[in-house]
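Input: structures, listed below.
Each of the two complexes below includes chain A, the first together with chain B, the second together with chain C.
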Partner chain A sequence: MALFGDLNIVNTTDKRKLKNVIETAAHLGYSTVAINHVVNLQEKKQEIGKPTCVAELFTSPPTVQGKSKPIKIITRLTVVVSEASHCNELRTTSPRTRLYDLVAVHPKTEKLFHTACMTLDVDIIEIIMTEKQQFHFKRPPVNVAIDRGIVFELVYSPAIKDSTMRRYTISNSLSLMNIGKGKNIIISSGAEKPLELRGPYDIANLGLLFGLSEGDAKAAISTNCRKALLHGETRKTAQGVVHTMKKTEVPEDKEEAPASKRARTDDP
Partner chain B sequence: MTDYIFYIFLDMAVEYFAGTIPDCIHSMRRHDTKKPETASYERLVFRNASDYHYMKISLIFEGGNIRLNAAHFKQLIISSLRELYGEIGAALPFDVLKFEENTLSAVLRVYSSALVRLWSALTLLGCYQGQPCGIRVVQVTPFLLALSGNSRELKLD
Partner chain C sequence: MVRFKSRYLLCEVCFADPRSRQCLEERAVFSGVRDAIARAHGDYGAACCAVSFTVKYLNAYTGILLLRCRKEHYRLLWSALPFIIHLESRGQRQPCRISSIHVGGTIRTCQRFLIRYNRQQLLRMLPGCQSEEERASVHRAVLSCSLKQLEEEGSSRDEDSD
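And now, the complex of A and B:
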């Protein structure tokens, strides 16, 4: 079985708070955690900066409860797009998104949702939970996104904070479920405080509430998270086969000529 | 969630050990297509052997000193059920079997058909009397005996 993952922990400038949240996540049993940097391009002077250095955060990451390995912390970028010009950053050749392990997009209009499913180079599409969905999901772009390996993300911390948000969360999830049949869905916390996190089996139960089947609900916190992670890794490669690495310079040895150029001395 | 399937083998064991084995092999040598006598067994399926599910939970507050007694605790859970499922949810029959005031941990019992509703209401509990709080579900089991040991907190020396 794939390990549990929570791919949305909101990045704050307060390091101690972030450390608390990650320690709580490790205590609850999550093996992988992604620190989410949210960039809203609509506000002025917002640029995609560099991700926080994970090694600085913890000298020794906390151990996951029930396993002997430490928790794996990765970085993630979420771009909130409300106009087509914002999508320029999310093309494959963009230099800034290469620094992050996972790239997510949060589309606000139907056209942008369509673009995100078809062409944008992202791993995760975040679904609006804090307001009523302005548009209905259509089957063709959702199917194309599933074929490309993009996962849809449902965030549950607004449901914990406020009862109106709870209604929007459940209604938006149910409409996504009707179109997408429950494939490629992940559920994550979007937590800012340790109190907003819930254990993995609790979230699997919430998945039942959102309209998923039992197997899909468990996959939403384990298998599909792993799927998104692998998709993020292969984004930096060519078709997932070729991968470039920086090689350290080897001092050249002038004495030995390459084997093909050496004179043949031994007789056949 | 789990099905418990019991297979009961009648007659087959008796036939096998009563000395009919040489006959089977003999018949198999001569006619390969002849089937040996099929064993008869009876299959009993128990869907969910237990009527109740038991949950061990613990209530966590952000601030320090909140004092609750068992009645307040049950009221808290009923109000959370009402927020999520309305009056029908609030009428869900469940029992608080044990409640400890110092650690704010409790053992609940609920009918198995109502487990998903109660569990989701506990998960989505956000605040109590203005104070942010949360519920950590430690164990869920259909058998009360399982609550006596928690393998996650096992310390092997």
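And now, the complex of A and C:
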């Protein structure tokens, strides 16, 4: 099957723990892993900081089980928004968010979910898993998000830890499946410790519990992750057509990215 | 011809504390998995999987586990495995993780896969060897594992030692 990806590994200040988690992910067979920096703007004095330098973590990244390539580590930012003023950080022109490869938003209210689907410049929308969702999903914003190439994320580590969280997870994901028909869904771990990770085939099976069909569940851990990655790249490089690189002597001229990379449809 | 078809789930058990792997017992795993199925799928799940559910093989050194269940209900069992967070053995709870690596229809296919998997694991361990003796012993282990040899010996199911 295609490459597996786990796009949510919570960033901790303890480097050894983070290394352990990433090594476990490589052992289980994940080819791509994203270190997630969560920013909750409601708490005071929380700012979007710089992402951790990936090269500092590993001198030589661990090889993926079953393949000969080393694991690919990228950075991701998740902004938890509960008020409309927090969305200012997520505009295209915001300087800090450009440093991250992937940008995700975790909306807490219906209006913010609507804004995130329609207008905000993000790659991933995280669905609440730890409490009963106060609002129902509506079809129009979900369809617009799918057209824009935005991916919905289900996090499974609360479900593993606690039984009531399991119920909320399954009920929230089932309501999303009813509306979105299982398109553009990824399942990721949200793991803080290496024991909270699960293998990709186990997760594909969990997808069946969450209401996905078999093909959708397998896509949720492989092709849709790649979709989110490419969407993040297009955000950095002006819709995937232009890719600029900094060179020391002469600034590189614009080179066309290959057509196969342009996976998402253009914005109207 | 009516034949009972089963599915064999080959899993790997990982512990937080590597030493507690040696306390692994078949009974502990059996009751742990059965309770996890009851919690995840309720009475229906517990009843379905109780029909022909056994722990066929357990290797405490490598943490490899082979479970058998009926073909009709193997997905119930498989989907309950990620929810296991600890195993009880000798009155102590050891936090662990069970990840499945292969599903097979017969024990022999699982055995073939396991030999290939163990060979891959040995090759992954090779760069991390500290001394020449370790390297030599890993080399010997890799060269010595083959299915033909095992089939000549009989139906014994022992793998290479770590």
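In this text, the second predicted complex is superposed on the first by the 247 of 268 C-alpha atoms of A that agree within 3 Å, B and C clash if a C-alpha of one lies under 4 Å from a C-alpha of the other, contacts with A are read in each partner's own complex, and residues count from 1 in each chain.
Rule of thumb we're sticking to: a contact is a pair of C-beta atoms (placed from the backbone, for glycine too) under 8 Å apart; a residue touches a chain by one contact, two chains touch by 3 or more.
What you are looking at is a predicted structure, and each value in this text was computed from that prediction instead of being measured.
*Asks:* Aligned on chain A, chain B and chain C: do they clash or fit?
*Replies:* With chain A aligned, chain B runs into chain C, so clash.
*Asks:* Which partner does A:G149 contact after superposing on A: first (chain B), second (chain C), both, neither?
*Replies:* Neither chain B nor chain C is touched by A:G149.
*Asks:* What is the contact status of A:N205 with respect to chain B (first) and chain C (second): first, second, both, or neither?
*Replies:* The answer is both, since A:N205 touches chain B and chain C.
*Asks:* Per the contact definition in the header, classify A:G180: touching chain B only (first), chain C only (second), both, or neither.
*Replies:* neither
*Asks:* Of the two partner chains, chain B (first) and chain C (second), which one does A:T63 touch, if any: first, second, both, or neither?
*Replies:* After superposition on chain A, A:T63 lies in contact with chain C alone.
*Asks:* Can you list the residues of chain A that meet both chain B and chain C?
*Replies:* 28, 65-66, 159-161, 163, 166, 193, 195-199, 201-203, 205-206, 208-209
*Asks:* Sort out for me which residues of chain A touch chain C in the complex.
*Replies:* 24, 28, 63, 65-66, 156, 159-161, 163, 166, 193-199, 201-203, 205-206, 208-209
*Asks:* Inside the complex, what are the residues of chain C that reach chain A?
*Replies:* Residue positions touching the partner: 14, 16, 39, 75, 78-79, 81-83, 85, 95-97, 99-101, 120, 124.
*Asks:* Contact residues on chain B for chain A in the complex?
*Replies:* For this pair, the touching residues of chain B are 1, 60, 62, 83-84, 116, 119-120, 122-126, 132-134, 136-137, 140, 152.
*Asks:* Any idea which chain A residues touch chain B in the complex?
*Replies:* Touching chain B: residues 28, 65-66, 159-163, 166, 193, 195-199, 201-203, 205-206, 208-209, 214 of chain A.
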